[in-house]
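Shared chain: chain A. Partners: chain B in the first complex, chain C in the second.
Our next item is the complex of A and B:
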């Protein structure tokens, strides 16, 4: 190859290289693009739209939307019903982190113990409530709690415990707890399956060593299993936390937030503001506030968990 | 690299081909359509979700389509609440129904009419004799400033269903005054019976209790004055507070089931059907179910007035109305269907399903073969003294939201009737200020 030929080929090679590099860069983007478009259109754009709506007063049908700036947010901060609902969400969070997560952990541990027969049966049985629609769960638990023919009060009365046969969903003192029990029933199976699969991946040598040292089964659960599951527990707790803020369906089906707002949560309150009371701007402000709270609490919890 | 290029080329090539085919297909479809008979399509959204009601609606549609082969009607049924949630965005999008069922009153129909979403059908109504065919109050309920924006499709009444066997067992007569009603309740309580099943877990049955007690204790005129904004105090009057306190007294005296707020509407009705309660205060829409399950054992009467000089009437009104979207492309066809739907011709079809159409004397003319319970309900509705008002379909949702929670509180005894009526009036004032009621 002559020198002159080499000189004339150089720009062609560099152009080819450039195209190659561009394609190499563009290929991953091309794969990401459909998901990105989907995410932008169905997640980011609605969030922006909701924020925009939260700056207006609008009944959902009028052609005129009145710009009110941050007034909806100011109303929200001074709305006692909103804070009552927020308080119920807080109770819900504590209960949903404690009850189903603990139950899931304990059941997973019991099922992972050696010598347990029919593990598949128990696993399916405990997991079954997870796959049932929350609407169906709500209806069934409504029957269970019915003061006239519900299985709970009937059983209590059968055993002479009449003083415990309460109007569970009709009493402001008991309603939230009653719904939390129903919701926990649908969630502990999910926690159990996650913990169980994580436990199966733990190194057995830790437990063998502990056994040789004379450690009892429950001691190895407390001092070995739980610390080793720290990351999974963090994940499950975070999931419970977010789900607890977003809770809507089971409350809506079982009580619609009643009696007189005793079981109102932010989800149901936002729904009634936006869709029943036609206060679309106010409902949007509540949902934006809720999203912010979820982000803040999730970030704080993740940081805390990572530091630990 | 070569492979990547080939893949991209294939993807691009097939996408172009698909796009081309789609364009060709679409134009071909349009071309094909040009050759078919022009057809007018009407989208109807109604509230007839129960199988029997849906069948009636479909029969009427089929009959209409036979008379007008160029019109086809597609119906979608949904519950009232779902309708309230979806109708606004549907109308705004221009993709909503041509004709739809909706609640009447300033809080619902009024808001849509004010926002220009409804077709003004006054001239069509005049031209087609609606002002002769339907009672004045029916058309008044769906009119705003003298202009008609809809047509009521079913007349309903709220009253007390009673178990005739239980009444007979304890030698009780149908009460004509509120005092007699309390006497009946006391006798039943003395025999360890639940006199009145109160079921307000779902909150909305509380509206019926409120309407019935306002009518029985305060009277229709007092209620009407507030609805028409003719009083300064509005709902915040001692007589309405008294009505709610009287309601609470039923619970206090043990005339009702012990936990009204824990009993759902369906379960409460089932308790009545099972004979666990002697009376059940609800609406005329329960006639079919109750008669099917209880036969001649069940009767119906309006909650009697406390003041014997007041007429013994039931609150009621329109179960809903049919409204025409302003965005409909075929207003004449939709008006024509609405006209047919509630014509004298179709009255017997509605009545056979125990639904009372709004036509003048339609009910009396066709009820010869109806069951005795339905006849009783029709007699209550056709009372010469008229009817009182079912409030939830007239008040805006903001007011209803306050009311449904306050009625629960009244039943639970956590607030007084005075507090409840004050709250309701405040909510109404806010609704008026925000333009949701006028």
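Our next item is the complex of A and C:
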């Protein structure tokens, strides 16, 4: 009796224990579950939905959706306007690394030089444009660039440089550069703040040693600071890379891609396709393609940066 | 004292002047466009046409008042607040819970799940916006405040959880053990032991989430079409096209939408900087 009891009890106890252990293991999931559900519903599921839409031809209104397979992607690969926009994103990436990221790095270095005072003042000031809405930024820069009353052309005319007083946002030759300058204005402080705190965390003994070896200040920047900050530079460049592919707001607000698509980026091109031209399937294909490009380039870049 | 420090570091004063000059020029470049806008908003309308970037002869609050009432910037301002509060607090609550679990609790598949949550950082909003619109429409929420709030409970998670995890990881694991010995479950350990300690860090995520909510553009542009529901950036955009000839009013609109976030920035600037560096450096 007692033996049979033991036999029948042992498995139930261990099963209970197992369930208990299992529950204890999974309990932490309860903390993640709410965020995970929202993330699945409002991020992952819509991505899948966009991919599905990219396989159809649909105007966004009618009840008829025609399945076309990968035709939208084929259209995209041979769409010159798409590639023009893509090229503008590439220019944007290079410009973001050359202007705001480099400026941020240089200013962080200047501020961390010995004997330079007022770090907090400069840091607060440089970061200020970062917090302003891009609509406000767009309006402000539209004013600056305005050919009749804008401060830029007024100044140029004041110095007799009338030939340089261009309609910056109206000329296909200058419009992309003009928007990039405005975008850099809102981004270089962001880079600077990150680089500055990374530099403040560096061991000063490196620089003292370099001084003793007769290293000039700018040399220690190139040969010590930059190599020591490699990881953080990698991160900021990656962030700029992703942001440059995603760029939409400031272009939409300042020119909406015009004149004649000369400032069109993938973000605005997708927007026009899906929301102005009622090509929802094609717009979806563009954004899925863009997402793929970002994921692939980010992974390749991280691999490359790790191996270096 | 300053001089001894300088000679010690052999940093010549001539180049110090150049460095200061460059730093100050860029400080001006950062400030002046905003400063001009605010100044233009305070100028009498007659003056702005003749001399848009010059110093005003007298200051007036008439433009601001007019933009606030006639231009409905007051309504947009209110809408921005109504949207920001539930959006920011919802995001903070969800990401605190998840960030805590990712940093301090052990469970199978933790790292894989975390990477899966980070995936959203790379995907542009355009790759979600159409199905999101359809979902909101299905829920009957298009053209409501919730259409500008609810999607962010998912969309904001990658960044917010990433930050929260970093904040909680800064706390020593011994704290968790001590809380356990005192008989705290995971939730009580979070609420009574960990949360008070990460609160300063959480507030730096709060200012960022608030800024993004305040400046949000694409979702309010697409998900809300009634003027009375528009938030400041959208209101400002339509306002600036409608009154494009009245520069005083447009400048006043820019000032109204910019000054609140600037005030918050000046009060919490340390939080902004801490938030950025905590995210990037850890």
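Miscellaneous remarks
One rule holds in what follows: the second predicted complex is superposed on the first by the 289 of 308 C-alpha atoms of A that agree within 3 Å, B and C clash if a C-alpha of one lies under 4 Å from a C-alpha of the other, contacts with A are read in each partner's own complex, and residues count from 1 in each chain.
To be clear about the criterion, a contact is a pair of C-beta atoms (placed from the backbone, for glycine too) under 8 Å apart; a residue touches a chain by one contact, two chains touch by 3 or more.
Remember, predicted model here, so these are calculated numbers, not experimental data.
Applying the stated contact rule after C-alpha superposition, one finds that A:259 touches chain B and leaves chain C untouched. Using the contact criterion defined above for the overlaid structures, shared-chain residue A:90 touches neither chain B nor chain C, since it reaches no partner. When both complexes are overlaid on chain A, the residue A:125 reaches chain C alone and has no touch with chain B.
Once the two structures are overlaid, the count of chain A residues touched is higher for C than for its counterpart among chain B and chain C.
By the touch criterion stated above, A:167 is placed in contact with chain B alone, chain C being left untouched.
Of the two partner chains placed around the shared chain by superposition, chain B and chain C are both touched by A:27.
Within the superposed three-chain model, A:15 lies out of touch with both chain B and chain C [touch as defined at top]. Within the superposed three-chain model, A:275 lies in touch with chain B and with chain C [touch as defined at top].
Shared contact residues on chain A (touching chain B in one structure, chain C in the other): 27, 60, 149, 275. Within the complex formed with chain B, the chain A residues making contact are 20, 23, 27, 59-63, 142, 145-149, 167-172, 255-256, 258-261, 272, 275-278. Those residues of chain C lying in contact with chain A across their complex are 2, 5-6, 9-11, 15-16, 19-20, 22-23, 26-27, 29-31, 33-34, 36-37, 52-53, 94-95, 97-98, 100-102, 105-108, 110, 113, 117, 120-132, 134-135, 150-155, 157-158, 161, 186-187, 190, 211, 214-215, 217-218, 222, 232-234, 236-237, 240, 247, 250, 254, 257-258, 261-262, 264-266, 269, 272-273, 276-277, 280-281. Taken in their complex, chain A has these residues touching chain C: 25-29, 31-32, 34-36, 38-50, 53, 60, 103, 107, 110-111, 113-116, 118, 121-129, 131-136, 139-141, 143-144, 149, 151, 154, 185, 189-190, 193-194, 197-198, 201, 211, 217, 232, 235-236, 242, 245-246, 248-249, 252-253, 267, 270-271, 274-275, 280, 283-284, 286-288, 290-291, 294-295, 298. Listing the residues of chain B that touch chain A in their complex gives 1, 4, 81, 84-85, 88-89, 91-92, 111-112, 115-117, 200-203, 257-264, 267, 271, 276, 397-398, 401, 404-406, 408-409, 412, 414, 436.
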